[in-house]
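The following pair of complexes shares a single chain, chain A, combined with chain B in the former and chain C in the latter.
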Partner chain A sequence: MKKNKIATLYLTVMFIVLYLPIFYLIGFSFNAGQTMNKFTGFSLVHFQELFSDSRLLLILLETFLLAFLSALLATLVGICGTLWIRYTKKKVTKNALLAANNLLLVSPDVIIGASFLILFTVLGKVISGFNLGFLTVLLSHVAFSVPIVVLMILPQLEKMNESLIFAAQDLGANYWQTLTNVILPYLTPGIIAGYFMAFTYSLDDFAVTFFVTGGGFTTLSVEIYSRARQGVSLEVNALSTLVFVFALVLVAGYYWISQDGSSSRKKRKKRG
Partner chain B sequence: MKKLQTLFLGVLVIIAVLFAGVLQLKKQTGMSGAETVNIYNWGDYLAPDLITKFEKETGYKVNYDTFDSNEAMYTKIKQGGTSYDITVPSDYMTQKMIKEHLVTKLSADKIKGLANIGPAYLNRSFDPHNQYSIPYFWGTLGIIYNDKFYQKTDVDHWSKLWDQKFRNQLMFIDGAREYLGVGLLTLGYSQNTTDQAKLLEASAKLRQLKPNIKAIAADEIKMYLADEEGRVAVEYSGEASEMLAENSHLHYVIPQEGTNVWFDNLVIPRSAQNKKGAYAFINFMLRPENAARNARYIGYSTPNQAALKLLPAKIRQNQAFYPSQAQLRKMEVYQDLGQKKVQEYNDLYLTLKIKK
Partner chain C sequence: MQKMRSLFAVPYALWLMFFVFAPIALIVGYSLMDINGHLTLTNYQDFFSSSNYLLLTLSSFWYALLITLCTLLFGYPMAYCLTHLKHRDLWLMLVILPTWISLLLKAYAFIGIFGIHGGVNQFLGLFGIPARQILFTNFSFVFVSAYIELPFMILPIYNSLVEIDSSLIFASYDLGANKWQTFTKIIWPLSLSGVKSGIQAIFIPSLSLFMLTRLIGGNHVITLGTAIEEHFLVTQNWGMGATIGVVLIIIMLLVMGLTRQRKGGS
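And then the complex of A and B:
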């Protein structure tokens, strides 16, 4: 009982420490004044400013578009990669693949970003019309998200009972049917988690993105960071509020998706 | 499998919706497909309505990217892969980029309105004949004080900062060049000195300043001074003007020994694809009404004297933000001292910061 109390206390303090700055920031987005020093009254003026700043809105939309798309591609590549790693027979090759995967996770973003910049500029010299822009950011986001997706799915695949596959094949399933009816449904929780991890990574990445943006395409983190020279205006607070609300919706969506299946399974059990 | 299908379908729908939104916004903001001018500027360093105005006037579409430091901008321009038509380096970075042939020489006949720029802002040491750069904004390093606690005569010389009455009150902007620069100025030396003996003398002098220093900080100074938790600070004029707007007891002073003056400049990188557009933009920004609008939005001092006439008298006549041309001549720009000397400055600064 006592132990429990300490745990609750610890958790409460942690949550306060984590959430207080966010709520502080959100609170000031409704400030009538121009700075975060003093709250002078409630007003939506900063939201008005935000919605009339079409450049910032465009960046907001593009950032989310990038996050959704890169996470989707990374998940698809990640699923294939996981299967490849799992079903590689040779131990040495398998370990090498895993190491290559983990290496990307460990290496600092700055190095990944700089190497992508060099790669893309070399490519730009070979292929005419290939410039830094949306495509380069997308490619690099997919690249650094894939290892995360692999890491989320692989443990689940390792845990899977081999006999499930044999059973499916015994019942006449071909490779494709085994994949879509047995393996993928089993991996679903990992895939969903991987998708959302990739999504968050893409959304908040600054270091890699900074190097490979260009041609009028920027993401929110790069834009906000570059505004810091003169102090961030409350317009950015308003923007953060919107992003936070959107994040809440996403978390709700995540729970909806991951609970949807289990409840229907329960129903089935009841019926059975 | 059904769950996965729902997820991926949902994601695809969201992507489609976002994509439509992006296209719609792009259509609204400019004629996509028109010739573009790529501008690489500091974040929030150009009034957004001026971009729209420029696009309407010239028919160019502006691609506006931002950076947060000279070094970041330099890296990207040097590496290539981007084709920015305009960028805005500070003085020492301008010098470095000229030295490394990263910017193009401006042809004087294509630039209209250079006469609007005040003579004291031209021909500075980083670009002696303005062959490569046009000043965009400028500012000074000075002392900001609260008149509830101090008077103007308390801070009109750098040497007065050593006075007993500032004990544990002084806030200082976090920068090696700035900190050592004040020491050098007090002793009557150049802020760009490479003489080790002078540097050591300045650092010995600054050691005695230590008891007066409350904090060496960056952006936080703004808040402390506005809330009167700090009473006096060495700060840049741009930040000072923001503080003054918040608290009417604050004043900004440029000490009589002179100070550092900095310039951000418009340049055309060598890799520019649309030089015609770049010149159009430079000429657009040189026009008094546009420069004035930009100065109102950013709050920094404009080098455009014709624009100055369009600003309210309160700003225009403020000696602290627009000192006389004679005074300006006396102020020094930080020069690029080369990596070795910069390291020496940094080491001395760090030692000063750490040692009691």
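And then the complex of A and C:
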């Protein structure tokens, strides 16, 4: 009994510590004053500021566009990679491919950012007109999102019953039909989860973008960094309130998708 | 499907070539070049003969160790308590939720909280403790880093704790072990894989958190990541930056080797 109380107390304290900074941030976004020190009254003035700051809104839009695009491309490359790895027969080659796939996942952001910066600079010397900017940021986001997509889809493909493919081919489906009508529908939950992860990876990234962005293109994280370095501006708080609400929606969506996937899997099991 | 294999291989192989192998080759290549582009080992010579760089590596290592230890110390009990809760999946979701908010926003929150007139100083002021500089100290750097990384320690430990068969714990009690013995002999060894992945997930990024050293550490703390960022983006000495990068990669490989999971176990 006594131990239970200690556990509850500990958890309460830890959850407070975990959420206090976030709610501190959100709370002050409704502050009428200009600092994060003293709450001088409720006001939505910083939200008004935020919504009339066209530069920031444009950055927000571009950040989301970048996330959509990079997640889409990363998912496509990831699907190809998954199929390649799955149908690689030699164990040694397969393991080597998997290891290479995971390399970017474990590398620190700074290394990825620095090495991509070198890569793009070298490419810029070879290809005229290739400069740091939106394209390089997009390419980097695709690049570091590919491995997680592969990791989300591969387990599903490994579980897939091979006879489904044989059945499709016996019934006269060509390779392309087998792929689009049998394999891809089967993998849909994994593909959605992979896209989702790639999307959040892109939204979340700061370090890699910071290295390869050059001057012309800015994402939200980079913008927040440069604003935070100049000190407190409650517009950033208002922004984080919106981000928090968005994160809640995303988490809810993600859990809905994953619950959906697991429940349909359970159903399938029951039927089988 | 074998015939289509080579078709799928193309985009993925291009990705591997351009974004996995080429960057590694380039960073190693640049570390072997001086400013004029000649092949040389001077960067490494400079690195290993300069007490500055060695101290930097050591202190970066030390801070990463400190951050990892803090998260383990606070995260393990939390993960353990979480497994005993009624709606534990829901609570776990609440642990994960903060990771969906950009770490820059969290760092920014601490600029307000730790500021000289900020929340913590106001709170301490209630007890008559005079305001002090908390932001831009080593403490604030370790605290904020540990705060940000905490969920990544809790998650793998929680997963490994949940997987423990509860009959093993009952058996241990039946055989007369007390709570402490059960913990040290049964629970801890069985959750070690989670602890190892937690250490891996935290130690390596902690070596490279350059934005936190800038925003929270106030340039008092310089990690390997800060040094790399500085060499690449500020002083433009890419050779030296790449050399520090290679050192970071080697440390990363060492850490991964030390925390490697044994295959085929349990």
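What we mean here is this: the second predicted complex is superposed on the first by the 222 of 272 C-alpha atoms of A that agree within 3 Å, B and C clash if a C-alpha of one lies under 4 Å from a C-alpha of the other, contacts with A are read in each partner's own complex, and residues count from 1 in each chain.
Convention: contacts are C-beta pairs under 8 Å (C-beta built on N, C-alpha and C of every residue); 3 or more make two chains touch, one makes a residue touch a chain.
Only a predicted model underlies this, so the values are computations on that prediction, with no experimental measurement involved.
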Quiz item: Should the superposition on chain A be reported as showing a clash between chain B and chain C, or a fit?
Solution: clash
Exercise. Using the superposition on chain A described above, determine whether A:T35 touches chain B (first), chain C (second), both, or neither.
Key: both
Exercise. Would you sort A:Y225 into first (chain B), second (chain C), both or neither based on which partner it touches?
Key: both
Quiz item: Which of the two partners, first being chain B and second being chain C, lies in contact with A:L132: first, second, both, or neither?
Solution: first
Practice problem: Scan A:M160 for contacts with chain B and chain C and give back first, second, both or neither. | Solution: neither
Quiz item: Which of the two partners, first being chain B and second being chain C, lies in contact with A:A207: first, second, both, or neither?
Solution: second
Practice problem: Have a look at where A:L72 lands relative to chain B and chain C in the superposition and call it first, second, both or neither. | Solution: first
Practice problem: Scan A:L83 for contacts with chain B and chain C and give back first, second, both or neither. | Solution: second
Quiz prompt | Which of chain B and chain C A:F64 touches, first, second, both or neither | solution = first
Quiz item: When the two structures are overlaid on chain A, which partner does A:D109 contact: first (chain B), second (chain C), both, or neither?
Solution: second
Quiz item: Looking at chain A, does chain B or chain C touch a larger number of its residues?
Solution: C
Quiz item: Between 60-68, 96-104, 222-230 or 294-302, which run of chain B pushes into chain C after the superposition?
Solution: 222-230
Quiz item: Which residues of chain A are in contact with chain B in one complex and with chain C in the other?
Solution: 35-38, 117-118, 210-211, 224-225, 228-229, 231
Self-check item: Contact footprint of chain B on chain A as seen in their complex
Solution: 34-38, 53-55, 57-58, 61-62, 64-65, 68-69, 71-72, 117-118, 120-121, 124-125, 131-132, 180-181, 184-185, 188, 191-192, 195, 210-211, 213-218, 222-231, 233, 253, 257-258, 260-261
Quiz item: Which of the residues in chain C come into contact with chain A in the complex?
Solution: 1-5, 8-13, 15-16, 18-24, 26-27, 30, 74, 77-78, 81-82, 84-85, 91, 93-98, 100-113, 115, 117-119, 122, 147, 150-151, 200, 204-205, 207-208, 210-211, 214-215, 224-225, 228-229, 232-233, 238, 241-242, 245, 248-249, 252, 256
Exercise. Give every residue of chain B touching chain A within the complex, in rising order.
Key: 1-4, 6-8, 10-12, 14-15, 18-19, 21-22, 25-26, 28-29, 36, 38, 42-45, 48, 51, 63-68, 72, 76, 79-83, 219, 222-223, 226-227, 238-239, 242, 246, 298
Quiz item: Where on chain A does chain C make contact in their complex?
Solution: 7-8, 10-11, 14-15, 17-22, 24-25, 28, 35-38, 76-77, 79-81, 83-84, 87-89, 97, 100-101, 103-104, 106-112, 114-119, 122, 139-140, 142-144, 146, 165, 175, 178-179, 200, 203-204, 206-207, 210-211, 220-221, 224-225, 228-229, 231-232, 236, 239-240, 243-244, 247-248, 250-251, 255
